[in-house]
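Two complexes come next, and they have one chain in common, chain A, joined by chain B in the first and chain C in the second.
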Partner chain A sequence: MLLTSLDPRINRLQVPADWPNSAVKKQLDQWATYEVFTQKRENTPYAYVGPVHAPDLEVAFVFAKEQYSRRAACFGLWVVKTQDIQHTPYVDDNESVFNLLNIPAPATASEQSEAFEIFMLKKRGKAHTHAGTVLASGYQNALAQAKQQFGEQIPCVNIWVAPAAKILKSSEEDKDWWLTLNEKKYREPVAYKVLDKINAFKNRTTNTP
Partner chain B sequence: MYGGGSIFEPVKLDELAHEDPVKLAEFEARIQRGEKIEPDDWMPALYRKQVIRMIEQHAHSEIIGALPEGTWITRAPGFRRKMALLAKVQDEVGHAQLLYSAAETLGKTREQMTLDLISGKSKYSNVFNYPTFTWADSTVISWLIDAGAIVNQMANARGSYGPYCRALERICAEESFHLKYGHDAVVYLATGSSKQRQMIQEALNRWWPPIMTFFGPADKISAHTEILMRWKVKMATNDECRQQFLDMYVPKVWELTLTLPDPLLRKNEAGTWEYTEPDWEEFKQVINGKGTCNKERLAVRRMAEEKGAWVREALLKPEATYVKPLA
Partner chain C sequence: MNELAIKELLYTLADNQLILGHRNSEWTGIGPILEEDIAFSSMAQDKLGHSLAFYTLLHELGESDPDTLAFMRNAAQFHCCHLVELPIGEYDFSLIRHFLYDHAEAIRFEYLAQSSYEPAAKVAAKLRGELKYHLLHANTMVKQLGNATAESISRLQQSLNYAFPYALGMFQPSPYEADLASSNIFPRESNIQAQWLESIQKILAQTQLQQTAVHTISPVLGGRLGQHSEYLQPLLDEMAEVINIDPSTEW
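This part shows the complex of A and B:
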């Protein structure tokens, strides 16, 4: 028996009214997670916006663009696999995680050095923002370099470290992806002049006996 | 955004007896100071369970709530309304993705949440088990259901769980358009021809009883409510939310010289809204599967899951293994 609905579109789908209880859902919904950062204004630091689930980094990038940059102004997008980020523990607000961590003094940059991006969280419940890039021989060393360069920034309750090479970044010429955002005025509250309509209605109804 | 009064599991206080008292005290002190809880922090099992439940229900409500509105996209009058409704529905589905991710940080997988929704185990906002007969019904959802959800969500945004707060911040930013869009669509009908006014009046009459149940039954003052409020999981009682909603939106309905189908509805001298007690027996029946649309909503969601499976199968050659998101 097919499901009958008020909605002609649902009827056309020919959905079975009763799903067999034995129907087993295929387990296809648990993809790896990727963390997404956007740049909301030009020349401002990238900030964390949230995760996406995807089969690989490039699909994650497409999902991230759709999920996190279709509504608000955006000038750049970074996506990185969750597993490629290492992070410190969280400390209390108003403390600095740098002070609590026993981080070995940074070795001088060696030939194996690569770039790491450092993201810092100022307050619990807020979003991590990009503090800068360090050259380091590994995650631990990157944290030590970060302490030297950004350790004065207090409070910092949590730090994320990711190798720059593992982050898929939009490039300068990709910025035109977001040029059409402003054209979609129907998504902005200011496009709806509700009060004008209400006032016109009130005038009309009070003026007619 | 559609999240209504969440249905919390009854709290068994003896569950807390097994928790480490020192860690529990630190946890409560952190919340007391106004600090947020982040995923890696120690937390009582009961907190974890209730927050997962709340965020998951909210996520399901976004997905299921998009169905009654989504079917009106092709029938929305005029291209501009089609574009706006399309954008709104896309927002709602995006909100569900944000919320599922936030719940995942507490350890319940997206796979399991999807399964619990389509198997009927998890709940979603009960109002979506009611049908949308006309275009006017869909405008009432866009305006008043979203308005109710905003009241609820503004309260929750002050809650204690960091990832949920981050998701809500994003959701709030997109919501302001929904509310204005919905209000505009209702005002357009209410200030139009007598036929249009009749349409919106009938839709309001149909939707008012479900809307009055949106925030859930009055909370009994219990250890249950007390502990969820102390932990800033629940930020306002169901009645507080309902009063705030009535105060903000009943005057906006009345100024259009429309009526609401409750002869007892009025604001008394003390500033409190009085109303006919909603039919909680019907509410119970509907939420347990006896509503007009329960079957249809889940069937459509299941069908989407099945018909879309091939896309996920084709894409599913993961280069990474699953770990929960960081925040």
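This part shows the complex of A and C:
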């Protein structure tokens, strides 16, 4: 028996009505997750928008673009593998996570230094926002650098650290991806102007006995 | 300005975008994974938007309004190639079609942006950015799956072999091709095909996929002149199912 549906596409798929007895998948038999940051206005910090899952960074980037910038205005996109981000513990709102960091003051940049991007969360429930870039010899050192550079910015309830080289970033030339976004209001629920019709229907039905 | 030639060009561009956009939208909700479902659907929507832009230019030249052009014509009045009419098949075919089609589309839009017919040049220049993403998507996915597993490689290879004669049909020349070329409105299809071959080969060379020699394949032609595959009319019927319930309804 084939699955039948009012949707002709489903009928064309010719899939069996009963779910086949396929082998149970192994645990963790799935793609890795990647974290996505977008720039919503020009010259403003990148902010966290959510994850995608993908087989590699390039595919994650392609998916992230439509997943997170098909509606809201966008000027840039950063994507990084979740595993490449390290984070501090959380503290309560109005506290500073920097107070938890008992990391020795950073040594001057060494030969092995590389750039790390620092993302700070000002309040629980908000999004991590890019605070800046530090040069450091590793994640711990990057946190110490961050404390020195951004430690005054309180409250800060959580910090993410990621090596800049592991982040796939859209380039200046990619900006025209989003040029026509303004004309795609039909993707917004407000574009469906049905309220007039609903009100007219309500009036009609409440006025007739 | 040769108006007949321009209209024929606009119809061909618009019809190809409309039919492939509609075909690709059939993946909405049943895509291989959530993220790809969203990406493929968005790009399908973009293609419908492109067709609207070209139908609007036709309307400005005195043709019917875009809805009438999209929903109220018969198959014989369409100028699209057979490649875009084919059913979505399995995802490997839809991906390969998207790859083959969008490489040609990107080249067409680059030429259009330079066209001496300014209204089309403006449309193309504006929509170029969307195309760049479509191409990045197609290339990324073909490189990924064209190198992944024995199954993904053989599926893509079979789809590539199947789609190739249809893809060559994209380059059927306009009856007015000489006019279009000499007035710098649009180049000859043979130019576009040559560039397209180079462009897809650059990507295929980075995969395990083999491309058969082009000169041994005869293209599937006819679409541009209104001779279509058996798949177009049923698609048009389905597309117009809602509007046909009451063509005068305002949405």
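Note that the second predicted complex is superposed on the first by the 171 of 209 C-alpha atoms of A that agree within 3 Å, B and C clash if a C-alpha of one lies under 4 Å from a C-alpha of the other, contacts with A are read in each partner's own complex, and residues count from 1 in each chain.
Here is the rule we go by: a contact is a pair of C-beta atoms (placed from the backbone, for glycine too) under 8 Å apart; a residue touches a chain by one contact, two chains touch by 3 or more.
Nothing here was measured: the structure is a model prediction, and the numbers come from that model.
Contact with both chain B and chain C is seen for A:His53 once the two complexes are overlaid on the shared chain.
By the document's definition of touching, of the two partners only chain B reaches A:Asp93; chain C does not.
In the superposed model, A:Trp160 lies in contact with chain B only, and not with chain C.
Of the two partner chains, chain C is the only one that A:Asp174 touches; chain B does not reach it.
In the overlay built on the shared chain, the residue A:Ile10 is in contact with chain B and with chain C. Looking at the shared chain after the overlay, A:Gln67 reaches both chain B and chain C. Measured by the number of chain A residues touched, the leading partner among chain B and chain C is B. Shared interface residues of chain A, touching chain B in one complex and chain C in the other, are 9-10, 13, 52-53, 55-56, 59, 66-67, 70, 184, 187.
By the touch criterion stated above, chain C contacts chain A in their complex at residues 26, 30, 33, 35-36, 38-39, 42-43, 45, 49, 87, 126-130, 132-133, 136-137, 140-141, 143-144, 148, 238.
Residue ranges on chain A touching chain B, taken from their complex, read 3, 5-7, 9-10, 13, 15-17, 19, 23, 25-33, 35, 48-53, 55-57, 59, 66-67, 70-72, 81-83, 85, 87, 89-90, 92-93, 123-128, 158, 160, 184, 186-189, 191-194, 197-198, 200-202, 204-205. Of all the residues in chain A, the ones that touch chain C in their complex are 8-10, 12-13, 52-56, 58-59, 61-63, 65-67, 70, 174-180, 183-184, 187. The residues of chain B lying in touch with chain A in their complex are 30, 33, 35-38, 40-41, 71, 74, 80, 83-84, 87, 90-91, 94, 97-98, 101, 104, 109-111, 114-115, 118-119, 131-133, 162, 165-167, 170, 173-174, 176-177, 179-181, 183-184, 187-188, 190-191, 255-257, 295-296, 298-300, 302-303, 305, 309, 312-313, 315-327.
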